[in-house]
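What follows is a group of structures, each given as structure tokens.
Shared chain: chain A. Partners: chain B in the first complex, chain C in the second.
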Partner chain A sequence: MPHVHPQHTTLRDPSKLFYQTEYNRRLIIASYWVILIAAIPIWWHTTSIQRLSLPTSRVHSQAGKQLRFPVEITLENIRDVSLSAALQQLIHERIGGSGLEVRVRNQDNAHSVESYTVSAHNDIAFASQRHLMYPVRSATLPILADTLSTLLVPLTNSHHVAHYSPRYRLAFTLLNEDAAAGQAITSWDISGAISHHLLPILDSLSALHNFTIESQVQYHAPLAFSPISLLDGAGFGLTPEDLTVFINSAEWTLSSSVSNDPVLHFIAFIPSASRRPLQILNSQGRPSSSYTFLLPQWGGIVVYNPPPELQESTHFPPSALNSVFSTFATQLLTLLGVADVPAGVKTDSSVLTGWQLDALLRRRALENSAEAQETLRSIVKIVDQIENMPVGQDVRGDVQNSLTALDQMYTSASTSLNDTLHQSADALSLASRAFFNPGMLALLYFPAEHKYAVYMPLFASAVIPLIATAAREIRAWRRQRREVQGVQQ
Partner chain B sequence: MLHWKCRLLWSLYFTLAGFSHSFSSETFEEELTVQTLRDGKVATRFSFSTVLGGATPRNPHNLSIEDDSQHYTLFPLTLGQILREYAVTELHLTLNAGKWNYDRWGYPDEEGVGTGAELWAWIGDGAVATVDERWRDLRNALAGLFCASLGSLDELRTTAPALTFTPGALPDWPLPHAIRHASLPSEHVCTENLTPFLKLLPCKSLSGIASLLNSHRLFDADWHGMGLHVSWLPDDGVQVRLTFQAVTDPLRASSNKRDWSFASIFDRSIERACPVAASSRIVVALPVNAAYSINPQPSSDEQGYATFNVAEQAKPLDVSMQWPANFEHSKSIRLATYSVTPFAESPLSIRRTLKGSTQDHGKLSVFIQNDATTTTEVAYLETMPWIVQFYLHTLTVSIDNIVRDDLLKNISYTPPVPHSRAMMFQAVLVLPARSTVHLTIDITKAFLRYTEHPPDAQRGWDLPPAVLVPLGGLARQRIYTPTLLVDLATPDFSMPYNVIIFTCTLIAFIFGSVFNYLTRKFVVLYKESN
Partner chain C sequence: MHVSVSLLLFLFSWAWGIAASHEEMVGDFFKHGAPSGSTSNHTNNWAVLVCSSRYWFNYRHMANALGMYRTVKRLGIPDSNIILMLADDAACNARNKFPGSVYANPGRGLDLYGDNIEVDYRGYEVTVENLLRVLTGRMEPSVPRSKRLLTDAHSNIFVYMTGHGGNEFLKFQDNEEISAFDIADAFEQMWQKKRYNEIFFMIDTCQANTMYSKFYSPNILATGSSKIDQSSYSYENDADIGVSVIDRYTHYVLEYMERINKTSHHTMADLFASYDPVKIHSEPGVRTDLFSRPLNEVRITDFLGGVAHVEVGSGVVAAAARKTWTPEDPPSYSETPRVEQQPPRRENETRAQGMQAQIDGWRDARAWGGVLLLGALVGFVGWK
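Then we have the complex of A and B:
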């Protein structure tokens, strides 16, 4: 039986309740919407990633700049004053495009310390520090221009030169292929050899690099391949293909791993007693006279065959060690990009000349600045391309500092080569640090779809009634307004 | 520039002063000991020792200045650099698999036999980088060197048990040394750890005794473990000792013959001597009251040990031992007369168990049986990751159910800090003669955050072994208990998404209802009654 209200009882009209009045209901709906809309900025702020703006225009403006080094050459003791202009013209023709502004002038009172000097000598060409003695005559002028050009901008094989680093580790290894087979070299006077052959070089290069030296001896260093046996019993040979796979990094532990500095390896390889003499073959398959080879940007290797009269294992013979280490010294210079003086010019062979050092400083500064600029451009490009990539304060700071270092470098190029190099190295290391900043990867792998998958079950179910009531209420309100207008008319 | 000149002068000075240790002051010695155990198994121990003559550990005070160039011949360069870089005075790393059975096998030759990885180091203070920073870097460097998960030996597992892990000689520096110790019982030792281990040896595994280290056989042994021990010997220099121990079972192949040979244990023989080893010896412990024959003829035979000098012996060298009598398993354990050489048998026997089936509480129970006829004091060490926490007030020590609180003294306790620091409990325990001490303590098991669980969460957590060190009378050799496995409350890992969906549904429902009631227009309808 349905429930029937008795006729005499009157119920309260629900529309008279506080929250049932039209005004309050609309206020409630509006307040929901106000909260929702007010929360959007907070939500946006807490879920967005920090992307500080990078100094893009400064980075792009770097592209137009080029490092220019003013170079001054003073001619001493040369009577013919017209030679200087001619020499400057000839040098300019040869190395005009290499970032050097060469000025040649005659000796006068305004002689600056930093300039290079060329003085006349009767017959020999001799370079020392920043000075060149040369038989200067009108006839030898083109050859002098060639020599000076090569001294200022030497030709080096840039594939051989190791990447610039303010600090290198030099790892010297005496590798016996198989000491148990007998006639091995079990020890060497490494300290003596280093202080005799290498310390002068390292000392003169101290403006560019610091060095850490380590050395070890290994008694079993098997090759990953078998050298071919030569036909006439002349020993064994390494073909050019063998040299590319000579380093057996799976078996040889060549250096320690305590720091991240790049390592230059120098290996004295003693073949097993059963594989002597081990020779390096040329591309025709004939033994070459050389027992050394260079692995570009990696290090140098010397194959040393102990004399056959050696009966048992022994200390490294001092004379042989000398030749091995003078090879290492040459290889080190090649790896570090130190160029030889031009043929025909003599030097005091034990020290590097100022010409070589300055050329190296200029070369490294140019390399570093070009690479720093390239890295900065890459950062800007990658940040533009990937919109989810965060850019924090440290990245922006590094980029800005790198740009500042580059700007300082341009101004100091005319005053001090050392400063220029250090600023270029700073710029490069800051740019690299910004590029490899781990913070830039933070949100790369948290895609937007993932967020929607989490939010959707909550927001869809909550927002649909909100929209529906709002729409209904707006419709009701417009109908009321029409009715009111209709009544007024 | 000035700096380099200084170094140049210094290096010249050292060269003149004969400091240069590039030759003749580094010595390498290798030794293999073989011993038949009471239960018929064969214990082998390789020890490779390199001494860097005249060297001292790096003073941490000098860490901020440039180090001298490192020139090594026999000493492993990669390890030497790590020791210099972090100025570590003493270092011990062991990686073991299996449970060393003290009751049957006695004391091991190398005392570090705790299951899993254990690393402890004495590090001098006084550098710019603190001891903890260098300990962290050392862990990571060794993890890289040995391809082991030593990086997991983090602050959650690091303790400083100075009483149990006593150092050898320490240099007399103004600031004291500190110990750091961590163990990871779940670490498994395998071929990838042996390969870098062999690379630290001057002769690798290509000649000398090390050529017997055949990973296929060693990792098949009943128990195996490797160790790295760096210590400073004031009279000699810095010593690096690499050890490998294995317990193999000849009875596995034939049930009653204990005969062994290098060919049967390692599947190899020594083809060539290591040319740079100052001494290369194989020491075989000879049985006492039993007939045996040993081949080939030992270089010397005294005091129950046959010694083979590898350099002098004919190659290939394959030492073997035959027993004419058959091995009777049960009898040999009981009768000391049939036992082989007098072996440093452990008078202490320990059982350690974790009781309680719930996932939040439990009880640790340790029985220590002292068979000796004298009262013994032992240092007792428990280190636990914070996931297991001790209720120290429930600690009881009893003998035959009679509480004996007087047996426990010098308690030092480092409480755990959840999510950040390990617990350490260290005490001196008095063990009366011929008695069994029973030690119990209540524990609580932590409830982990879901990101703190390991990938195989249902397996449980391995707890590090307890360590006992006899003080005084007995040989001061550490004894490790077996590890424990604790079962923590483990969530269902599909839970996060379920929770998200469930919570969203609930919130949407509540929101919908409240919103609906607030905005609904109520009207009264009168139903016409007939």
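Then we have the complex of A and C:
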């Protein structure tokens, strides 16, 4: 039997399919559009960057403010009452623009505890704590004004001073250039030297910084160059040029890297027995009397030549260690920005005077507050400038707290220097933390082509059929409506 | 029909927004950057050395970075002040016939890998994000000291980058790209936070000079191996290693640096004068408009060296030591003063900026073309 075809081929009319009924088809197309439109807010939310607004106006109003410290100087035992007004005038001429409001009073006036005192003495000038003895006469008044100005606002070389940090690490290293050559210094009484020479200083600076101390002894620390040999066997010399490359950082390990605190290095360098005495030459090439030098913001170095009668390796001679550490102490003070008292004024040399400490506190507070203000301004500026930089809640919080600390600082400037410094340091560390917030890394810059290239293959292929079908459907609907209207008419 | 028209309008306005903000940014980049006058008063030097390539066939890029690393270390920058970003898959690659060594010359005279290499960001840590974090200082608190750029307002920074790049981008390990805008923004953020005194930027890649064209922060001196639409080429193959061992530009820079020691007085002008486009096979560029000091007073060791100032004794200021140094014997190759190359370079610079405007116009046109094409497509399918 041949195969019999059915009578009617039942190819179904597409328009009779249930999903091709007009109503269902339009429903399906509309549902695509509903999903697409409903997804737009989610897409927007997930691709946009969180940029909270920063207290911009507060930051800008901070910029105009300057920290001002009221300073009161009381004259004691001085008969000529008219001197105080003249002295105040002279001091004002000298340091008027430095943020200090100096007032000079006579003793009979109300006496506050924080005030500095100046008392008359016949011939010596002596500073102790917040007191100055001085031969006060009307003839010496300008010199006294100079001295007081220098005590209140000392001139320091800011190039040498390390950047303020609430914590420092001090790394002491005894470096033997070559212990194998004999006559090396193999040990030193470091804890004794530190407690004798440095602890008093560190204690008096405890209001400013916390210190961590580490020390080490090394037996082989070659120089990266050969010191020149001096004529007539007078030893060896380091030229000023050599000093700049003295630190052989490629081969010396001078400090551990356990923390991110800034490190100040102090090195006692013992030249190899075959290169003694090692001297520092001046620019004319002649040996200078100095055996120490300072690398600004980095640390200090002392070259110590052991006495030639030394036969074998030994302990650091205590007297030499004393002089080495008193040098380290001076270098530490320079690096931390402690100014010397003016020439001609004597002090009890073992401790810092209140004058020096206060001047440092004021200086650091001024530096910190200026830097905090500047950092805050930079944050606002950069966030403004780089459009896809995220600004999260923690950044905004840090900026606000920093501003609050700055506000508090202005009010406490007249009452307590320690509080002022701490608030300025807080303001700076908060502002820096806001600036360095890891979340603030701007998204990478993508040119417009990149965006098209990413979005086109994704969306164009999906959107074009959608738009096209929607357009066709709408046209069909409108035609139908016109036909219906035509029929009705 | 109304719906599709409004959709088209929406698409147009979207594209317009992107094009407009793009144009604005480009405009901004040239507005800033008035250099603030300063002599070199840095107290410390830092180096950021980036090799953005990986895989054996990019051996030469690793050699480039290691060659620079060796040079800055030799000239006195301590390892603690060097951030080295290196894929580091060349020295111990299975295809390396000389395990544990990287050579930069065909004779294999000098092992750059040596015994004292400190790679701070290795392998897959070499990313655009990490580089930007190093530069801007935006790190998690747990990141160790050795991976941080702990610079301050007294730091001079040498930034060296090498890899495969193109117009305004540098490719990172076949994964991602850093654009000239990203680096420019990072430098601006560093400037705002006073994280540098001066920057010396050097880049060896194809079309390298486009990478520094977007900088706008002051006190940046920049140089690159080749101008726009020019490739940078490798220098030489080593038959035993089997791949190119170094790029031409870096090779000649390093060769020049070999004549320099820690106390040399050679200046940047000398270095730039030593560029020979015939030997390098591309035209190296220099950008000085952001830099405030004359190049013939800028020592190479201001960036690639160690300490600049020393004070002898207590209280006796000898900070001027650098001025009183006795000059060395003039080296033979500096007999011909070639500083007069500077003026034509400035011309090149302005020409480059004009070209930039042209390129931007072309980009806009292309963006609009894309939008039109899209519109036409939608229209065509819709009417069919």
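Worth a mention:
In the analysis below, the second predicted complex is superposed on the first by the 416 of 489 C-alpha atoms of A that agree within 3 Å, B and C clash if a C-alpha of one lies under 4 Å from a C-alpha of the other, contacts with A are read in each partner's own complex, and residues count from 1 in each chain.
Operating definition for what follows: a contact is a pair of C-beta atoms (placed from the backbone, for glycine too) under 8 Å apart; a residue touches a chain by one contact, two chains touch by 3 or more.
Only a predicted model underlies this, so the values are computations on that prediction, with no experimental measurement involved.
Contacts of A:Y452 after superposition: chain C is touched, whereas chain B is not reached. Touch criterion met: A:P465 reaches chain B and chain C at once. By the touch criterion defined above, A:S257 reaches both chain B and chain C. Of the two partner chains placed by the overlay, only chain B lies in contact with A:G192; chain C stays clear of it. In the overlay built on the shared chain, the residue A:E387 is in contact with chain C alone; chain B does not reach it. In the superposed pair of complexes, A:N437 makes contact with chain C only, with no contact to chain B. With both structures placed on the common chain, the touch criterion links A:I37 to neither chain B nor chain C. Overlap of the chain B and chain C interfaces on chain A: residues 257-259, 465.
Within the complex, the chain A residues that touch chain C are 157, 159-160, 163, 224-225, 240-247, 249-250, 257-260, 262, 280, 282-283, 288-290, 292-298, 327, 330-331, 340, 371, 374-375, 378, 381-382, 385-387, 432, 435-442, 444-449, 451-452, 456, 460, 464-465, 467-468, 470-472, 474-475. Across the interface of their complex, chain A is touched by residues 1, 3-4, 7, 15, 18-19, 21-22, 25, 28, 41, 43-44, 73-74, 76-81, 116, 128-129, 132-133, 136-140, 144-146, 148, 150, 152-154, 176, 178-179, 181-182, 185, 188-189, 192-194, 262-263, 305-319, 321-322, 324-325, 363, 366-367, 370, 374, 377-378, 381-382, 384 of chain C. Note for the complex: chain B touches chain A at residues 1, 3-5, 8, 11-12, 14-15, 20, 22-24, 67, 69-74, 76-78, 80-82, 84-85, 141, 144-145, 199, 202-204, 206-208, 272-276, 500-501, 503-505, 507-508, 511-512, 515-516, 518-519, 521-524, 526-527, 529. Partner chain B is touched in their complex by these residues of chain A: 2, 4-5, 11, 13-15, 17, 19-20, 25, 28-29, 32, 178-180, 182, 184, 186-192, 194-195, 199, 202-203, 206-207, 210, 212-220, 222, 251, 253, 255-259, 313, 315, 454, 457-458, 461-462, 465-466, 469, 473.
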